[in-house]
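Everything below concerns the one structure shown next.
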Amino acid sequence: MRMYTMKNLKLVLKENREQTVVNVAGIDIGTGLTVIAGPCSVESEEQTIETAMAVKAAGADMLRGGAFKPRTSPYSFQGLGINGLKILKKARKETGLPVVTEVIDPRDVSWVAEFAGILQIGTRNMQNFSLLKRVGRSGRPILLKRGMYSTLEEWLNCAEYILSEGNPDIILCERGIRTFETYTRNTLDLSAVPALKELTHLPVIIDPTHSTGRLSLIAPMSLAAVAAGTHGILIEVHRRPQDALCDADQALTPDMFKGLMTKLRSLSKFMQKGQYNES
Amino acid sequence: MRMYTMKNLKLVLKENREQTVVNVAGIDIGTGLTVIAGPCSVESEEQTIETAMAVKAAGADMLRGGAFKPRTSPYSFQGLGINGLKILKKARKETGLPVVTEVIDPRDVSWVAEFAGILQIGTRNMQNFSLLKRVGRSGRPILLKRGMYSTLEEWLNCAEYILSEGNPDIILCERGIRTFETYTRNTLDLSAVPALKELTHLPVIIDPTHSTGRLSLIAPMSLAAVAAGTHGILIEVHRRPQDALCDADQALTPDMFKGLMTKLRSLSKFMQKGQYNES
Amino acid sequence: MRMYTMKNLKLVLKENREQTVVNVAGIDIGTGLTVIAGPCSVESEEQTIETAMAVKAAGADMLRGGAFKPRTSPYSFQGLGINGLKILKKARKETGLPVVTEVIDPRDVSWVAEFAGILQIGTRNMQNFSLLKRVGRSGRPILLKRGMYSTLEEWLNCAEYILSEGNPDIILCERGIRTFETYTRNTLDLSAVPALKELTHLPVIIDPTHSTGRLSLIAPMSLAAVAAGTHGILIEVHRRPQDALCDADQALTPDMFKGLMTKLRSLSKFMQKGQYNES
Amino acid sequence: MRMYTMKNLKLVLKENREQTVVNVAGIDIGTGLTVIAGPCSVESEEQTIETAMAVKAAGADMLRGGAFKPRTSPYSFQGLGINGLKILKKARKETGLPVVTEVIDPRDVSWVAEFAGILQIGTRNMQNFSLLKRVGRSGRPILLKRGMYSTLEEWLNCAEYILSEGNPDIILCERGIRTFETYTRNTLDLSAVPALKELTHLPVIIDPTHSTGRLSLIAPMSLAAVAAGTHGILIEVHRRPQDALCDADQALTPDMFKGLMTKLRSLSKFMQKGQYNES
């Protein structure tokens, strides 16, 4: 009953199309390795800018940070909203890093887009079709996370929703699927990277933070993703993880991130040499 | 890592609270057995009213019907929207049955609420927190479907989102979870019925149609749900299933529904006799 | 990739075959409702016989009890082995109840069969093909539990292994599948009952104990199973559950079991009246 | 209910123990990268020896090949049994490659061990405790595949079964877990590699063939496993995959394997340089 027909997919399939390369303020996603790093949520100007400068110094290409946080409980920190976006704007000015930030309500798309280089659709909203249609008309690139319960085909259909509204700039982000295993927060389905690269022309990146939910697994899985051919990595970094308002136990410190970046860049370079080109 | 703490749940837990009974135009949900029946989607006035009259004649308590359809593909029938709601209004007038209909966008809540006795939040929107907050201020009872990837605790947190906005009238609807099994569309987690009845004061109903996705399983699983203590059943009926624009192969005909209703009512009566009261 | 082809199934499919009724010492499984009750494991003669007499008095049809226990850890109680079987033999003599007991090693089949009315293949051994082939030549009826990770088709193939060795007496037992949900030990896939009844001629029973793993859910799910058309129930009862060497927190007391039996028999009778016959 | 307690694990945990390095006829597993390659099943002498020579030539360290095949259907090819083992022995003689072969029945362990350098326990037998105890006394290293439905803790408990019988030589092999996703045969849980490396002193290898079930995903996932720190790779190669009696569509040709080996060795060398040492 869950067979892969791909029958409704028109714009998202690879077929003879060229690889999509999303360009945001001079940064490309879809060629080489793009690293997007930053805190789970924007908590304060100081925390955000300090973290942004640290990830910039370590060689990140873009800054991530949430102003609207979809949280399991209504009593958890929900993000700073507009004030969070203003802080991100400052962080962009300070560092020059384009900003990736989540939008969770179709009513907010137009003004959130003013602050964002890339709009993120989170795992819980992957099939929020109203939101997908709206961001399809936002004029901004979209980072579309995989629903934690979604097949590749369902995910591609969600990209098709955005494409069919006229927005060609979509980045697919594998962030772990829900399985019976509880040692990790989710199970990172890394095979989605080469699978999607044969199915679609859209760039594919991975999120080692939310998928594993364990600090010690982030570095090896990031390296593994590079070897599997990912176009990018979206990773949580916090200047002082222990103080973070969310995901405190899975954010890298700036130092850890710096060490990882050295490895990632070096591995990426190694993989791009002739014999490792899997395409 | 997925442990049940229930720690953030304040209003939704049973504790010493009385069973919530949601009353819609004289129909109670949360005591006895309430049956909500109708087509997957409103396709035309004739189709809707004919089906509504048939389910009314068979003893249904409420009418279901979708005007906004969250569909996997952007190219599938997306529902009639406002025109669908107008048809539902007519069907309500003709039959007297209160209407349950889905809302998928926070921008639509206020006006969709004008047409609906109960607003449904679908499985893909269970953690659409913007929508949950908005329907929490809609003044209408909410039928909250379980996310197909959601634990009971996550689901209860979503009800907590609605409750914390001041809306006490929530009905939980188990509609199947996603598992490795593909014989059925989803796996109906019927144990959620007694589990939720011990955890929360909110009514719990089940959807045998979307959970099983197989016509032959709908009757036995509906009967099983009654024996398990469900407060209600939400079921798809179509005057001519083979012509339905969605879920064509899993809607009951009016005749099938009539036969099932006789059994359901009789079993419900039997279960409510002294020794079958599981509370 | 997990499509239902049923293509290799020859003997197990319903097609035009008559419903298989397994008869063990005068007790039928495959018509009406057969209840098999007893402790998780045989711990002592006193415990076993006391429990056996209690379930007999409450109306059970057969006795269950494990002498070989497949335990997650090598350091957990592994069962009394041959001594456990001797105790079961005494319990059979005392109560007249046929015994269902698990076999886990092909080397043990011939002599364990001497003590057993029915040989049980546990969930972890469903695809232990050596064992399946061996019990297919044991001359005893086989209670084949569903692998906690198995599709219906894979399960039916395992029955086919036994049938193809010449053993026609197989009872299928749904005991819960593994999902992401952790509130229950496993997720009872009750829809397997009507699904299997349309696919195969073999009797189908359910195990509410191992599937739910929660005392409070056993009664409602047992009643639900009867309403769904199960041919039987396999349930854990212990004279003093708190002292049990395994599954201490999910065994019914004799009193609880007695109360449940009254309900089960009454519901079963009700369901067998004309209009509730789902066949 | 599925919490990680690790409480019964005594011998398998890392703690202060040294990394186990399993040595088979001069080949180490547990340091560097060990590649085990060969056909799914032994079909004929010619096919096996030709394939063995090809994988040897490409740089494989050991030969895999099944003489006993656990197959979903009783009517599928079940392996050549003793004749298959004799062929493997010849292949070992011809190539010098130690042989990894599956054993599925405790009655066969002693004589299968005569032919095998390493005994494999397959995914369906991971919790076949009789078999585990028996191979714990076999005097041979054991390649223990993860149950497709098993948590890391359950898997480690199975290794504990073997260790507690006195056999210290165990290799853990991740081969994919069962999830809702059907694009791949299973979902390769690559995070198990670094997770196990922090939990246990046993070597950890991966099987990219059975986990992905797709030819095009084998190379990228093998490379990813190396980057994640795997101690080895177990991979299917067939001289003419299209003629294979099982897994015909997921075996590499000798040419494909040769190309992959070059990349694997080169990447492995790269990863072992200072900064990529994740320990």
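Should a chain be cited, it is by its letter among A, B, C and D, assigned in written order, with residues numbered from 1 in that chain.
As a convention for this text, contacts are C-beta pairs under 8 Å (C-beta built on N, C-alpha and C of every residue); 3 or more make two chains touch, one makes a residue touch a chain.
These numbers come from a predicted model, not from an experiment.
Trainee: Could you quickly compare A-D and B-D and let me know which has more C-beta contacts?
Mentor: So, comparing the two chain pairs, more contacts are at A-D.
Trainee: What chain lies farthest away from subunit A once each centre is taken as the mean of the Cα atoms?
Mentor: When every chain centre is compared against subunit A, the largest gap points to C.
Trainee: State the superposition rotation angle between the two copies subunit C and subunit D, fitting on C-alpha atoms only and giving a multiple of 5 degrees from 0 to 180.
Mentor: Fitting subunit C to subunit D on C-alpha atoms yields 180 degrees.
Trainee: On a C-alpha centroid basis, what's the spacing between subunit A and subunit D, in Å?
Mentor: 34
Trainee: Centroid of subunit B to centroid of subunit D, CA atoms only: how many Å?
Mentor: Centre separation, subunit B to subunit D: 47 Å.
Trainee: Going through subunit A residue by residue, note those that touch at least 2 other chains and give them in order.
Mentor: In subunit A, the residues touching two or more other chains are 1-4, 149, 178-180, 182-184.
Trainee: Give every residue of subunit A touching subunit D within the complex, in rising order.
Mentor: Of all residues in subunit A, those touching subunit D are 2-4, 149, 151-153, 177, 179-184, 187-191, 193-195, 198, 211-212, 214, 216-217, 219-221, 223-229, 262-263, 266-267, 270-271, 275-276, 278.
Trainee: Of all residues in subunit D, which touch subunit B in the complex?
Mentor: Subunit D residues touching subunit B: 1-4, 178-180, 182.
Trainee: Flag every residue of subunit A that touches subunit B in the complex, lowest number first.
Mentor: Contacts found on subunit A: 1-2, 8-10, 70-76, 104-107, 124-125, 127-130, 133, 147-149, 154, 157, 160-161, 164, 178, 182-185, 213.
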